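Paired with chain B in one complex and with chain C in the other, chain A is shared by the two complexes that follow.
Moving on to the complex of A and B:
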């Protein structure tokens, strides 16, 4: 083992405090250091994953106090999988935006890269922590970096989007605090494993109430209906790569938080049905709304919300196959949606309002970007040779195993809508003529490398899904094994 | 119709919340098994810190405090980024009103004592009520008073960045020293000393001083940025 989970938080924070100092001496350090830190986090998570596969879950105590007194971090196959995914995407987002704002002032670019790094750090923290109050702190870190990044362009619309997000986020934080307070007032502990063990002692009424507050609070970040009013605006107004960071990293962390609550902390099965219902409503609403959008980024945003609904449904099925499908969906969505955001940003680069019609005929001018967008579009619909196919197949099989016929029907019907609005864009790229005079912007080398590596992953996973199914299997088994989680954390010999 | 639904659901949530508050029973022993006794005994016996709140905030849950410090850091960073283009030069402010002679001389007199009080509060964070966040805020109010009173009073932006960064680096470094020498991030590496003395509680005092400096620099920076915003 080369490191331990706490470095995922300590190193980025140290770097965040150092960057303002080094930035005074060497201006480029504000771009380079976050990239190095993100790369370090990615390699650390890979090496820890290797360790976990051989020796089992790592539970790290902080400040030398064993849980439940102190805070602990848990790096299990499940959390490790998400950490690896998030840090990888964080690095790719950094790579894509390396040249971002190169010509403008030094200070905005420093803020951009610092906020991006802390956004990833906060999301990783949410996933790794084993303490609900600590999770609250990390959710705060993520939200505040999110507000800052949304309002980055300091335009009227981005200010509005950021303010909307800020408002929802502030209310969500309050609700989260109330939920934590209810739990602490009843059980006298904040450790997730300890709470999970003591949960049967809690009054049923209070249990339901605290879960309601939790879901309301985390639902804002997880973009579930009807708490996702902020999401489309934020995706539209934030810089292009940040849309990918939200879809691939922040939302994943929020979904993780809600899943951890329902699978580990609470002990009633009704919550699973709640997941299916919420997920279905989110899925249907978002996909039908996406069909009506005329701006590319808004369409991608609604599609992203819809995919999250699908993930919720898969988690709501509650069996091992369901969790497997959900994790596969999360993985695919993170990779594919980032690819779509990246390539989509170039297709409508420098256009006012970024309408879908601006992509007309781009196939001739930006051939590689267009092909990558098309791969992403086909993959997210779930066409066979791409990665998205296997995850959609997995969720349908999981539903079929549980005889949820209506669910299968709904997913398939809504998938047709998805196909309609994505293929419409692809059609415009290749079979329409370009009317606008403005010259399309060629992607820079680093952006091209980022996009192509994502595209390659989509293809490779599409042809060899077995590459990842082992990891997903272990992660799913780990999430479902609640007793083991409690045992790992509470019987620590240190 | 929408409003009625909202009111009803809020009413239900509110009813249960009040129900819980009444059920908590303040001042009554009601945790059969929780962490509170462990906190009390450990901060008294192991850490020798007389302010239990500080012991919890800085040591038992020091990781949360590091997160909270980062939240404040992020807030000031994000604000600086948003208001960046609108910043005026020194002396040109949007909030401008003449201060009377009494306020001017009073502010000069009060400023050192405000800073002293703030420093006292965070240095004695482990002995008496207060701590880094409170002390830092007190110091920032001193700067606010000066900025409001004197039109030409200015705070060096670079100096604020130095304080902010160095204090943050100190905090994380103490954590890393604990990690590399004792194997656990933020673990106490210094002797704990005797209870109720200034040098007690190991690293708690140092961390709170770092937090105090950091909070003071950040809040002053926020006040400065907002005061110098163009309309």
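Moving on to the complex of A and C:
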């Protein structure tokens, strides 16, 4: 083993404290150190994935207190996959925004990079942690760095967006805490594996109540309808790359949390239907709303919410194919949506309000960025030979195997809307004339590298899905094997 | 390496190389472009063998490629047209902007069509289908005119079709556990009844969009007339045939096994017939050659689909034969219009006149393909149409045959319009500078015209592959039996064969024409449209007195009630209504934090109330 999962949390937190100090000595360190930390986390998780494939799940016990009493981190194929994805994206976001605010003084950039690092750390923590109270703590870390990043540009609108986020986040954490209290008062434990084992003993009414509170709380972060009102504002007002970080990292973590609840902790089969219903409503509402947006980032935000609805649906199907499809969708969404956010923010760079009409004619001025945006748009619509197609095929196949004909039809009909609003933008990029006189900003080298590497992944996975399907298969099997999870964590006790 | 994969690699790598070679020089780009089309064609005609499977093994969905007799037949159309149109394209696109973009999508769509035909499983079929769709979409919007309306309309209709198909594909997978087309066909008979209806219908919707069958045709007129003509030749000649290809499989292999098959056949045939009739009327109405041909294409595809849908051996034969012929003559016509557009800058009948002496070869190509289109012997269209009528009468579809006959006769009107509008009539000074199109454009047109003459005379050349295709899907062997039993080739009466009569009539026509030509040559006087001596008024310079202005007004007045209802408008207003509905959902996100908190509380209450039911 190269390192231990605890480094995922320890190193970034340590770095966050050190950065202000080193920043006094060497200003560029506020940019470099977060990047190094994120790169380290990415490589750590890759090497741990290799270890996990051979030796099985790693359960890391902190401070010698064994579960169910102590805190533990679980690095299984499933959580490992998500960790790798998140740290990779975190690194890419860092790479993209390396020159962010370079010419301004170092105070804002220090805040930006620290908060970005904490955002990734919190999300990774949510995924890795083995007990629900720690999950609450990490969700708070994510939320607070999220509030900070949203109000980064100290403007009226961003303050408003951050306040809405804070407001909803506060509701969420209240209910989350209540739910945790209910569980603790009933079962006397906070460890997920232990809860899962003892769950049948819990009073039925309280079980339902706690699950409802959990869903409400985590649903806010997971951007399910109708709890996602804050999300479009945040995506619009936060700095460009943060949209990608939210779509690719934070929401994934929240989805993970809700999935862990339903698949491992609780034993309700009805919860799967709830997933499908919630997912479907979210999907329909978000995609129809996205069609009517006139701002680019807002459109991307709604589209992102819609994709998350699709992920919920896939998890709700509940079979191995369903989970496989959901993980594939998460992977694709993380890569593609980041690509869209990255290239999209260059297409509307420095424009007031960032309307869709600002992309007019950009194909001529920013050819590479435009092509990348187009690839991203085609991929997210699900056109072959791009990556999005395989996940779409996977979810539809999973639904068909469960005889959900109506579900397939609805997903496909709504997908047409998705195609419409993305193609409208692509058409504008290439076939409209640019009206504004301002020169479009050329992407800097690091941003270009970040975008191109995402674009290459989209194409490579599109042509050769097998690169990832093995990992996804193992992850899906791992999630569904509840008994194994409990055993892995609790046998440490003996 | 397997030859099919090699061809696909040549296509896709060549497409990318061609796109990027724009920076080097246009000559290199043109050569690369032609090479990318010709090399696969050579490889295909020399190397691809029937019924050999190539499996690209993916973990979850293995892709199977291979050729069947049916796909061979359609691949003949695609590869042949691709090369000929490719040569033409180089001539036509000379000096145009964004050639790299155009060539890229051009090659991609042809490679995708080849892929569709070589697919033995539904997933690779769908993959190539979608590549074809987006590549052709990118060409439809290439002109940059009205892209949001025309492009999105095309894409939405294509997406409706493709997603219907995708739904059928995943349902098939859930029923048979595999994506193979052969498994779909063999397992189909044993499914439950609902699926036996649902899956063919979904597939037909998917194919019907590309074959432009009412009410799924609304994208076609705009898309056909807005792409550059060199692509429309492919679009109408080959791409639309992919829909026909799919339909053939559905009708031959699936619907024969269901009792309701007959009903579906009749419905599709009727829709195709109505499509043919109405679009012919619209074609007559057009003053723009591109739009005229676009509508005419839709009408001709209607005939093909009727034949395929009726599905008796003779009808199928007629449909497939017409599919080939349509590919040949309609792409020639689109090329002609493209050539006229390139030389004169417009395609409006009411502006151009008298090009016959300036563009004689183009005229010749137009003449031959129009004769073929109108179904006048001895050209290919005649054979196909005759067999179609005969098969419809034999299978007791008398109403249908009346409708087809009506539209086919009405088609003469627009055929006349093309010939007269562009090439005949008085000459105008305005067009005296026009020259014949460059050789790169003329040669493919002439070759295609020759092909349509040859196939009209020797239809057995392609009857053989058609027969192989039909027997592959379980139809009786018709080679030499059926098409010779058709009235057309049979001995008439006791021993009078029709073919000599046909050629006799032709010979008389030609002799008379030559006679008249030589007799009148010395007396020919070339006049302009302004050379009018009867009315007593001298026409002004700006007055448009072109022959073709207001052509067929009385006829159009007579059929106007039929054309008043346009599906297009209903669909557009439906789409508008849907969008307005979404405006309502958008308002749910009203930007007010308090409302969001209320939503959260409502959500909580709903969950608590429903909790009992949901969680048992």
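Assume the second predicted complex is superposed on the first by the 492 of 494 C-alpha atoms of A that agree within 3 Å, B and C clash if a C-alpha of one lies under 4 Å from a C-alpha of the other, contacts with A are read in each partner's own complex, and residues count from 1 in each chain.
Operating definition for what follows: a residue touches a chain if its C-beta (ideal position, glycine included) is under 8 Å from a C-beta of that chain, and two chains touch if they have at least 3 such contacts.
Since the model is a prediction, treat every value here as computed from it, not as a measurement.
Once chain A of one complex is fitted onto chain A of the other, the partner contacts of A:134 are limited to chain B, with no touch recorded for chain C.
Looking at the shared chain after the overlay, A:79 reaches neither chain B nor chain C.
When the two structures are aligned on the shared chain, A:271 is found in touch with chain C, with no touch to chain B. Shared-chain residue A:292: touches chain C; no touch with chain B. Touch criterion met: A:118 reaches chain B, while chain C stays clear of it.
Within the superposed three-chain model, A:233 lies in touch with chain C and out of touch with chain B [touch as defined at top]. Within the superposed three-chain model, A:13 lies in touch with chain B and out of touch with chain C [touch as defined at top]. Legend: residue contacts after superposition of the two complexes on their common chain; A:413 is shown touching chain C, with no touch to chain B. Look at A:70: by the touch rule set out above, it reaches chain B but stays clear of chain C. Residues 209, 212-213 of chain A lie in contact with chain B in one complex and with chain C in the other. Put simply, chain A touches chain B in their complex at residues 6, 9-10, 13-14, 16-18, 20-21, 24, 60-65, 68-71, 105, 107-108, 111-112, 114-115, 118, 125, 133-134, 137-138, 140-141, 144-145, 147-148, 151-152, 154, 178, 182, 185, 187-190, 198, 205-206, 209, 212-213, 494.
Within the complex formed with chain A, the chain B residues making contact are 13, 16-17, 19-20, 24, 31-36, 38-39, 42, 59-64, 66-68, 70-71, 73-75, 77-78, 80-82, 84-85, 158, 161-162, 164-166, 168-169, 172-173, 175-176, 178-179, 182, 184-188. Those residues of chain A that touch chain C in the shared complex are 163-164, 167-168, 171, 175, 207-209, 211-213, 215-216, 219-220, 226-227, 229-230, 232-233, 268-271, 273-274, 285, 288-289, 291-293, 378, 383-385, 389, 393-394, 396-397, 399-401, 403, 405, 408-409, 412-413, 415-417, 419-420, 423-424, 427, 430-431, 464-466, 469-470, 473.
Those residues of chain C whose C-beta lies close enough to touch chain A in the complex are 58-61, 123, 126-128, 130-131, 133-134, 137, 141, 144, 147-148, 151-152, 155-156, 159-160, 163-164, 166-167, 170-171, 173-174, 198, 579, 581-583, 585-586, 588-589, 591, 593, 595-597, 599-600, 602-604, 607-608, 611-616.
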